[in-house]
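Two complexes follow with chain A in common, the first pairing it with chain B and the second with chain C.
Up next is the complex of A and B:
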């Protein structure tokens, strides 16, 4: 089975799925609960580093490491989300951005994260002594993605989702209706962070080497633009936004389209993302699949 | 050693003040967090470089050229990315600003490559001035302090004694009321963006000259730190911004001298301060009392 699929394509799809998981987590925080986060890469990094530390430095089983990493990211995201609760939406962006930079600087300088060298030799998980192949890993990531999509779908229809919608629409009103906004906002950060933790752990075991460069502001900003362009508050939007924007530059690489200098694909990609963000905010702030008002009303009535 | 670090810290503080004053004025007028301010700083530095290299300007003319180009860029950003969104949710303008920042930064990378380049030679050498045997300051840093002081005085005079300056203050206090009193709000906003951007460009050009290096992403960290300065000093308060800038500059400079091998980078200290301030005193040192920032 390995033979007839170009491993490069497999990698692209795995990374696409991981990015979608990241996007879903960010969408949960920003789209469902209305809390802008420009530091999502920090949660991703915490997930990746946790699993790396558990599996390489402590020598735990990779599956257990991934589980622990998700739990740790869940808890840390809740704690890191706390300062954000004091500030208004736009300041939240700076706070989360600051948290992202602090986290990255921690990854780069702390001993436990391997400093500037990062952590190497992160093992591939195995089932009954059989190490997962690339295709099997892809399958694993795909299953995780489906489960998380289901979880997010259920969450958004639950009482929790309604509380988030209420907070997003008007926090003061939500509070006066008896919704404990503090609790729900922290929970949004924790669950969204845990999604990023899953993505980070899956990423770490896929690439086997991680360093602090991966988890920077560029990633946070790129993710936010993907989620926003797709449409905040919808699963379809994130699937669409991340897939299209992530695959677009890859198309140029795979088909070797020589219109533009291949060394500059990432730069052109960012030019396009930035432009799209501005244009989208001006003409269609809800994004491609933005939630319609009617939909929101029904969600509240349910 | 301590005096040396303090002196460096003050020079660094003045660059932060020059960037942050624009942000604080823009916040005052529009209640908007201008996320693309850092790229304006970059635009200023690159325009000054182009002025020297291709337009044969001398140093001072090139800096003024950089300030004007950056000022125009700032006005354009407001016109294209913020004005159409006025009155919408703050998240919308915020994302638009981040979009502009990403766009301009990447465009500069495509045009100028991401590699750092030296500031063109102008006959103005960066050399240390010895104050005592152990304390010295490069002349470029001294210029930053002097130019910073002059600009702040000019800004004060402008805000206090000109019609436009008073209009800016009026709009900061209450945009609707000012508008009803016949103040042309759009003009005030444009002037505010022009002045703020020109001051950021001044800082950018001087830092590029001082460190002899400029690169497309040079503005992102200073632009974000300027937010920390603004929050530290109190939103919309210019005196607060000045004190905040000096505090951040001195703290960073001292940490560089005394705290080495920390888990937190020098660049991250500003954000630690930011988060502490938001937790302990969200109105900042000199800000008006607010329920929630």
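Up next is the complex of A and C:
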């Protein structure tokens, strides 16, 4: 099978799935619990660096490294989510942006993260001594994605989802219904961050080399626009938003469309995302799959 | 006498302004208590202290034998004190049923894991929540509106839904902040009937209200606040006939002017 599938396409699909996992985690924090985050790449980086450190520097089994990375991301995300208890909305956006920048500069300068050189030689996980091939890794990422979609679906319909909805809509009401808003907000950051931790760990073992450039503000902002355009608080929205926006630039590359200079594709990408955001905010502020804003008819009649 | 709620020497200051000043209040189990007073008398501040939104500068609150002074709002709710708001606060984009279900939050226990794995306990709980919410909607005659977005309802119905949300978990005590505001006389009557029903289910009621006719007819006892001070406490008919209360409401000076003409 490996022979007739262009490995480049395989990689695109793997990275797409990893981005969807990132998007789901961010949607949990921002779409379901209403806590704006512009620092999601930090959680992604924590996941990637943790598994890299465990598997390369400590020499643990890659599977165990991934597991530990997810647990560490869960815990650190909870801690990084603590500011959300004090600040809201635009202030929270700026705070998380700051945390994201701090995290990136830590990755870039700390000794344990390999400084500016990053970490190289991250091993591919193996099963019974057989190292996963590209196709098998794709399958692994796909299964993880399906599991996480299911988890998010169940969570959104559970007591946690109910608490997050109430917090997003009106924190005073949430509290007066007996919801410990502090606890559930931190939990949203922790679980959403753990999703990013999974994505980061899968990314690290796929590319085998990571450096701090990957985990910057551009990624956080891109992810947020993908999730918002797709529709906050819906799984379909994240699947759609991340897929379309992630694949669009690749289409230009794959089909070698010459309208734009491929060397500047990343610049055009940001222009396109920005433009789409503006258009969406004007015509469909709740995203493509977002819940419709209720009709105001009756309210006027009253 | 079994006091459900006992507040002693409650004081709250905002800068130089004493919004609530040394107020004592005892509420008996099963009582309907009316809290009245002119605008700015400190009634809503008093509610906000009782529900933990504000922490009193002085004083002590005992509820059901527990000292709840300084409890956070969610802890107060978990003690069984629920409330409605002066400016209706429903989740407007969500259905009436979803809003009611929120009222049962404190009674569900299924956490993340049992939800993810779809364990029987969590499914049973979901079913129970849906059933209880539906039963209350039936009792209030709101079943037709169950799937309507709460924000689309008429004002009167929004009030009813908000009360239903506070009521559905059978709390020990419910606080209604101006429930009759903006209602016509028919709606006020059905509201009074609802409050009596609430008492019958064993829930103690405190309500803030400007509609004096309604509170006199409905309440077992009236408490009057004026400039943060309690100026009367007792039988509704006696309280509204109390000269101090009349003066607080109408204002001494204006009375003199009218007489002077």
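Basically, the second predicted complex is superposed on the first by the 291 of 302 C-alpha atoms of A that agree within 3 Å, B and C clash if a C-alpha of one lies under 4 Å from a C-alpha of the other, contacts with A are read in each partner's own complex, and residues count from 1 in each chain.
The criterion applied here is as follows: a contact is a pair of C-beta atoms (placed from the backbone, for glycine too) under 8 Å apart; a residue touches a chain by one contact, two chains touch by 3 or more.
None of these values were measured; they are calculated from a predicted model.
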(message) Output check: A:178 vs chain B and chain C. Expected answer is one of first, second, both, neither. What do you get?
(response) second
(request) Would you check which partner chain A:157 touches, where first means chain B only, second means chain C only, and both and neither mean what they say? (result) second
(message) I'd like to know which partner A:195 touches here: chain B for first, chain C for second, both or neither.
(response) neither
(request) Tell me which partner A:221 touches in the superposition: chain B (first), chain C (second), both or neither. (result) first
(request) Applying the touch criterion given at the start, work out whether A:101 contacts chain B, chain C, both or neither, answering first, second, both or neither. (result) first
(request) Quick one: name whichever of chain B and chain C touches more residues of chain A. (result) B
(request) Could you list which residues of chain A make contact with chain B in one structure and with chain C in the other? (result) none
(message) Under the definition above, what is the set of chain A residues touching chain C in their complex?
(response) 150-151, 154-155, 157-160, 162-163, 165-166, 169-170, 172-181, 191, 291, 293-295, 297-299, 302
(request) Sort out for me which residues of chain B touch chain A in the complex. (result) 32-33, 35, 80-81, 84-85, 88-96, 98-107, 109-110, 114, 220, 224, 227-228, 231, 262-265, 267-268, 270-272, 274-275, 278-279, 282, 292-293
(message) Under the stated contact criterion, what part of chain C meets chain A in this complex?
(response) 51-53, 72-74, 77-78, 82-83, 85, 89-94, 98, 101-103, 105-106, 108-112, 115-116, 118, 122, 149, 151-155, 165
(request) Using the touch rule from the top, collect the residues of chain A that touch chain B in their complex. (result) 30, 34, 36, 38, 83, 86-91, 93-95, 97-99, 101-102, 105-106, 108-110, 217, 221, 224-225, 228, 264, 267-268, 270-271, 273-278, 281-282, 285
